[in-house]
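Let me begin by handing over the structure; questions about it come next.
Lettered A, B, C, D, E and F in written order, each chain numbered from 1.
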Amino acid sequence: MKLITAIIKPFKLDEVKDALKATGVQGITVTEVKGFGRQGGHTETYRGSEYQIDFIPKIKVELVVDDGAVDTVVEAVKAAAVSGKIGDGKIWVTDIDRLVRIRTGEEGADAI
Amino acid sequence: MKLITAIIKPFKLDEVKDALKATGVQGITVTEVKGFGRQGGHTETYRGSEYQIDFIPKIKVELVVDDGAVDTVVEAVKAAAVSGKIGDGKIWVTDIDRLVRIRTGEEGADAI
Amino acid sequence: MKLITAIIKPFKLDEVKDALKATGVQGITVTEVKGFGRQGGHTETYRGSEYQIDFIPKIKVELVVDDGAVDTVVEAVKAAAVSGKIGDGKIWVTDIDRLVRIRTGEEGADAI
Amino acid sequence: MRIKPKLKYVIGGAVGAAFSALAIAGPAFADENADAIASLSESTNLLWVILGAILVIFMQAGFALVETGFTQKKNAAHVMSTNFAIFGLGFVGFLFVGFPLAFGGFSYAGYFGLDTPMNAEPLIGSGNWAFLWKGWDHLGSSASPALLAFFLYMVAFMDTVATIPTGSMAERWKWKSFVIWGLFCGAIYYPIFAAWTWGGGWLGKTWDTMGLGVGYVDFAGSGVVHAVGGAAALAGAIVLGPRIGKFGPDGKARAIPGHNIPMAMLGCFILLFGWFGFNAASTFASSDIQFATVAANTAIAGALGAVIGMYWITFRTGKPDPGMMVNGMLAGLVAITAPCAFVSPWAAALIGSLAAIIAIEAVFFIEKRGIDDPVGAIAVHGVGGTFGVLCVGLFANGVYGNGWNLAFEADGTTPIELKGLLYGGGLGQLGAQALGVLVIWTIIFGIAFGFFKLQNKFTKGGIRLPAEMEIEGADIPEMGVLAYND
Amino acid sequence: MRIKPKLKYVIGGAVGAAFSALAIAGPAFADENADAIASLSESTNLLWVILGAILVIFMQAGFALVETGFTQKKNAAHVMSTNFAIFGLGFVGFLFVGFPLAFGGFSYAGYFGLDTPMNAEPLIGSGNWAFLWKGWDHLGSSASPALLAFFLYMVAFMDTVATIPTGSMAERWKWKSFVIWGLFCGAIYYPIFAAWTWGGGWLGKTWDTMGLGVGYVDFAGSGVVHAVGGAAALAGAIVLGPRIGKFGPDGKARAIPGHNIPMAMLGCFILLFGWFGFNAASTFASSDIQFATVAANTAIAGALGAVIGMYWITFRTGKPDPGMMVNGMLAGLVAITAPCAFVSPWAAALIGSLAAIIAIEAVFFIEKRGIDDPVGAIAVHGVGGTFGVLCVGLFANGVYGNGWNLAFEADGTTPIELKGLLYGGGLGQLGAQALGVLVIWTIIFGIAFGFFKLQNKFTKGGIRLPAEMEIEGADIPEMGVLAYND
Amino acid sequence: MRIKPKLKYVIGGAVGAAFSALAIAGPAFADENADAIASLSESTNLLWVILGAILVIFMQAGFALVETGFTQKKNAAHVMSTNFAIFGLGFVGFLFVGFPLAFGGFSYAGYFGLDTPMNAEPLIGSGNWAFLWKGWDHLGSSASPALLAFFLYMVAFMDTVATIPTGSMAERWKWKSFVIWGLFCGAIYYPIFAAWTWGGGWLGKTWDTMGLGVGYVDFAGSGVVHAVGGAAALAGAIVLGPRIGKFGPDGKARAIPGHNIPMAMLGCFILLFGWFGFNAASTFASSDIQFATVAANTAIAGALGAVIGMYWITFRTGKPDPGMMVNGMLAGLVAITAPCAFVSPWAAALIGSLAAIIAIEAVFFIEKRGIDDPVGAIAVHGVGGTFGVLCVGLFANGVYGNGWNLAFEADGTTPIELKGLLYGGGLGQLGAQALGVLVIWTIIFGIAFGFFKLQNKFTKGGIRLPAEMEIEGADIPEMGVLAYND
């Protein structure tokens, strides 16, 4: 099993969620994060002094999928999250040793 | 070393923490997340229009443990977090290459 | 590629970010988390009753780097985040199977 | 049965008159006492006007909180700032242009329907405490305290109009376009209908010109303030179009919950508080004890609006939606504003209850038409205010307000009674009220719509924020700072 | 030494009386002056009552913020909404049922201890500005401004009672059960003790019937409002039981910090502000300049309560807990409410200081008994109010209030002095106060307890929220929306 | 042209005097009427003072919100709590020490420059409603309502001074050190300059002693309250030093955005609301209808300050910074506070506009000097207040205030005119004002600076929070609870 992590723009979340649903994904976990990257920050002034807004709000989407589903899912996220503008984010895939569904104790693919 | 990640219901956090303490775990890191899953969301109306609450507040617990402790820890989390109702969450385990304690620079099991 | 995850003290974020920039890192993702560890919590009283502040605000920094950069980056984070006092946090490194830049579809090292 | 002399805004009228009669009759020392009484009465009346003005000015905080609470976090600094800045912007427009227009009008006599040039003879006055206006005298050293009190009360009412569209147009309105609205509303938009009604204009004279009751009656402004503001709110919301995501691909409205419900409820309480100044101080004299009836009627309508609103939305959607409870109370308050001095408490209770139901239904209706009003301003102020204006023609009980607008029977001495349909007043008064409503929703709405359309055309990129800014939130790009920072 | 005629609630009494004497003596023109003076005095008195009512109504916002700030984020829309809705719910109950009950009472003469049928003769009146009540006349066209002012002031006081239990019962109370409390409180609960004291009932007559000082005295309601509200708060908290997690497995209380401390502190400031209307306008006449003394005493007690509260909690737990600073100020304000017109500033300072200490200790005491009161309502209002009632019997200095409750010596002309134990008044007045306290904590508490117990029994699932909803937070399941959304 | 007798704080003067003359002349029944009129006038005047005091006390909430909104989340409970506690702390100091010092001063005659011992003869009085002070009489049974009204109004002003430094010193000030400031300010710091000006001291006499206009004039306290508070704010900010991270390694100021912009804006609205009590009720009599002019001028200056502040900051940095809009309005309000009764509306507009620009530039200037003032208190209150004091000497129009400070020409009967430079008053009045400014920024600033320096020296670890606490946030270590909890 693999854990797919995607950093996306916040307003793309609905589209990504719908795209994932469409590929049959049944669960995802989402976190509000802040990103720093090529997109860069910007300088604002507040009460006359400047300050740097380095970190831009992003959403992290995490989902565990069966090995076979990885490609489809990555494609789905990519397609839904892309705007073509800088700062669209990243997707990365990690290997998972073990997965448990707490409610039932099921493990592995059954637990997804 | 392994990284154990658990998505649990928020009100189970105290019990999970106590259970982990009981197994000798000395540190955990916790994040507020939102989950989408079988539990489903629900539709509410606000000012007369409907809206979908897809995402349900969850807590993500992360902890790095020695390989030998994985099973005990997973069991402890499972036991403490289970309510038997849909939406209890997941636990997954990932492999860790390296662990460093920032304060001392210790590495590996010493750093846990 | 590797995913480096660091749990640090919140007020160290600026220094860590600057240190990472200096090593040539171009992007990071940051999450507000709460940590429980050796640092321990403390007991406060509110309206006369006691309550336990177990969880201390921490910052999680995540960044994907090329295998070759791992050591430099870990060193940089360590150096910037250390205060020498208990609760400085942890760094761990995980293996990444795949990395995609959403905007361009680039993969692997190009996507960092 | 108390008779109000001439126009609405007279300070110290009754007591002053009593005093004049007396002054002639008594010996020297009695004169001095009578003088002292008149002076004391007038100073206390002025105090009430100032207290009322202060309360109405504080309503700005209420509007700001309601509107900001009912909109999204990403725009909270923007929405709050429009509500903050509008106070000064409208004020400036009114100070330099609008006040003379609304309540002076000598050089605009023909156009605005005012027939008594101010510089020839006081339009509004009562002896030595007169509200006079002569050119820009209210800015100079000779401005009397009474004139300035009148100005202050009136500017506060104008600002209420100005701030209503900041609700319906929230979350997608360019700051620089908004700024122009503020100035325009204070200088031109509000003064027009105010002049035609409270300023001595033609709508108040329809008892004479058209035989309609005592002419258009609007005690504290369900029409002059709220419906006029609601008309602009509608015009602006149409010109801007709905927020991105408000309507699904199927055209169905989707809720975008406000980011801070307690904030909106606090705002509603502040509005309730300030509303007592809005309505009760509109007697313009503490010596006219009808202010107590007005205050009670105001509270009754607001309370019933909140309760019936709660039951109605529960009946409609299953839960006591906090947003609709707020709208229910506000609708009750808006609707009682015109009739508050003229109706019995039972009618106030009924008006408040009906207003809540009507406003809630109006929210549904407006959304179904594809119009996006994040805070319900059109329903509450526009629809609720319209209903309130009509209620005068339905529920006025003839106890107070007879001879309003200086309306006398042919004999020139018998004041015309102010009675609604339910008290045997026939259709006359209702007709006067309906005419006022018609003017608001045709001419006044037209002016607002034309203003926003033209502004949209001549502003580079239009008056709506670029989509990206709307999506990311207006706070950083427009204001330079988020509402909430860690 | 000023004497207050008959009952507490008389508008324009003193001046009116002076005028009556005069009116007979002087020639025609002097009569007219005297007439004008009386009218002016009475209208200004009415203004003060209305201003007071407005201030008290605004206190609703203060209660809402204090209670919401001191409870958890997950219930913030729910707690705020109960505090919002209670205003209208209590209002409706009082408008249609409670007001007649408390201040009319002609058909309830026997039951409520009122012996002068309202429809026979005014219970409360002062000549032509009388507060009369005849049936539901306050709803009809003949309702006088003075009667409506009286109603408005009284309804605001009732709402304070109604809102106190929303604090102690917060975070676990079903909305639909809460709604019934609101109606019940306005219609029945509050009016009972109000009738027995301010309504002319038996407790005010104990100077005659039992020889206790001037009878039960409660200037602005430490007892009638706060202790009565606190009794209901205690009853409700007992019936509901503590929030899940409030008490550890060891039975020890665990703190559940409020979600927004600045919100609670803002609420406390609003309460302080409104309290001046609560206390100072309870002179019911601006011509009774004791209102200034009342205002100063109120501020002194609140300030001292906050400061001593801060020191006391620092002494007890090591830090100047913001929650306890708020409770300290509120306890000072609650306690001074009954004695504010009758005590010297030094006593106000002492009363405020002691009240803060007593309320803080009461918080500890109540928690130790396993009762969960998230905001300290029982300690502040119940205990603080009780202490305030007793303070009249301790600190009344005999300067003001002699002849209160129309209490005269056997000769029928010498007013009985209102003096506390410390001013040589003996135990009489203290006895009257203690009797009032006893009634509140037996009969009145019993009624509240019975009400909640019965309601709990006859409501499907009881009046407490299901555990899941309590754990997840009441906002979504009960109100349909979270308090805070992004 | 109205003449104010003797000193600023006289209640019922004018009408009372008229009455006295009358009382002698008329027959018996006329006397009774005149008596009733005087009594009514005086009670209404007292009502206005009490209402004013209430409004000023409510400003505490405004300060609390502005300061907390403009600072960081991690310190929000701390900043809010200092603003909460200061009310009581300053109050206690003033009640027991400061009030006698400022307005009695009999035993401090030589030192504080007061030359009429209070216990010999009333310093401030007007016949039977006199404000007398004799020892601690304001705490005892013989304290008159009028004296207590005066106390209440004055204590509210003092608290404004006390709370100003909580802004400039926020986020790094130890609680226990702050507590001592609160007591010191109420007891000593504020009373000094108040005694020298409003208390009858030497600055008000410079018309006589130095031939400067009518002597130092400060209607409602641009100087006595705001500049004096601003001076302490500057002293405290210097002694504490800047917050960690405020200045970069390059010495350049870095913005630390406030954590809650809507909160700050709500606070500003509350301040605007309360400011009407601050300024308009400073006529100390509703019978002096100049209060209406004052209210209008106050609103005008605030509105213009907000608008011009918005334009100015947009011009300077490109965006309508919400923080600077707030500061602009407040600067306008602060600056109009001294001249509000003496200037024409056009001048009020100009003063408000200039004040906004000056305050914004002052923010830049102060930061460039390496001084960290998180909320702009020094710029708004210190600089804006100083500007306001000088404006009296520039814009006073001679319509009101002639003979202020009992300043008469050599003939002893012709009141000296109060005219600024622009109205042909020459440099005399400006000189008096400049002298006041000089005293504030030398002696008074020196006292504040000395106080904080000494306190810093004698407090273990100094008056500044340890760096760790500052970095982690002061809420948990100092208050025991975070401002915001889930």
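Just so it is clear, a contact is a pair of C-beta atoms (placed from the backbone, for glycine too) under 8 Å apart; a residue touches a chain by one contact, two chains touch by 3 or more.
What you are looking at is a predicted structure, and each value in this text was computed from that prediction instead of being measured.
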Chains touching both chain E and chain F, listed by label: C, D
Pair joined by the larger number of C-beta contacts - C-E, B-C: B-C
Between chain A and chain E, centroid-to-centroid distance (C-alpha), Å: 55
Distance between the centres, which are taken as Cα means, of chain E and chain B, whole angstrom: 49
Set of chain E residues in contact with two or more other chains: 30, 33, 37, 40, 44, 51, 257-258, 317-319, 321, 323, 480-481
Of all residues in chain A, the ones touching two or more other chains: 31, 44-46, 94-95
Contacting chain pairs - touch in the sense defined above: A-B, A-C, A-D, A-F, B-C, B-D, B-E, C-E, C-F, D-E, D-F, E-F
Touch list for chain E against partner chain C, complex: 70, 252-258, 313, 316-319, 321, 323-324, 327, 360, 363-364, 367, 376
Touching residues on chain B, where the partner in the complex is chain D: 44-51
Residue ranges of chain F touching chain C (in the complex, touch as defined): 471-472, 476, 480-481
Chain C residues within the chain A interface of the complex: 1, 3, 17, 26-31, 64, 94-103, 105, 111
Complex contacts: residues of chain F adjacent to chain E: 28-30, 32-33, 36-37, 39-40, 42-44, 46-47, 49-51, 53-54, 57-58, 60-61, 64-65, 68, 76-77, 80-81, 83-85, 87-89, 91-92, 95, 138-141, 143, 145-146, 148-149, 151-152, 155, 175, 263, 478-486
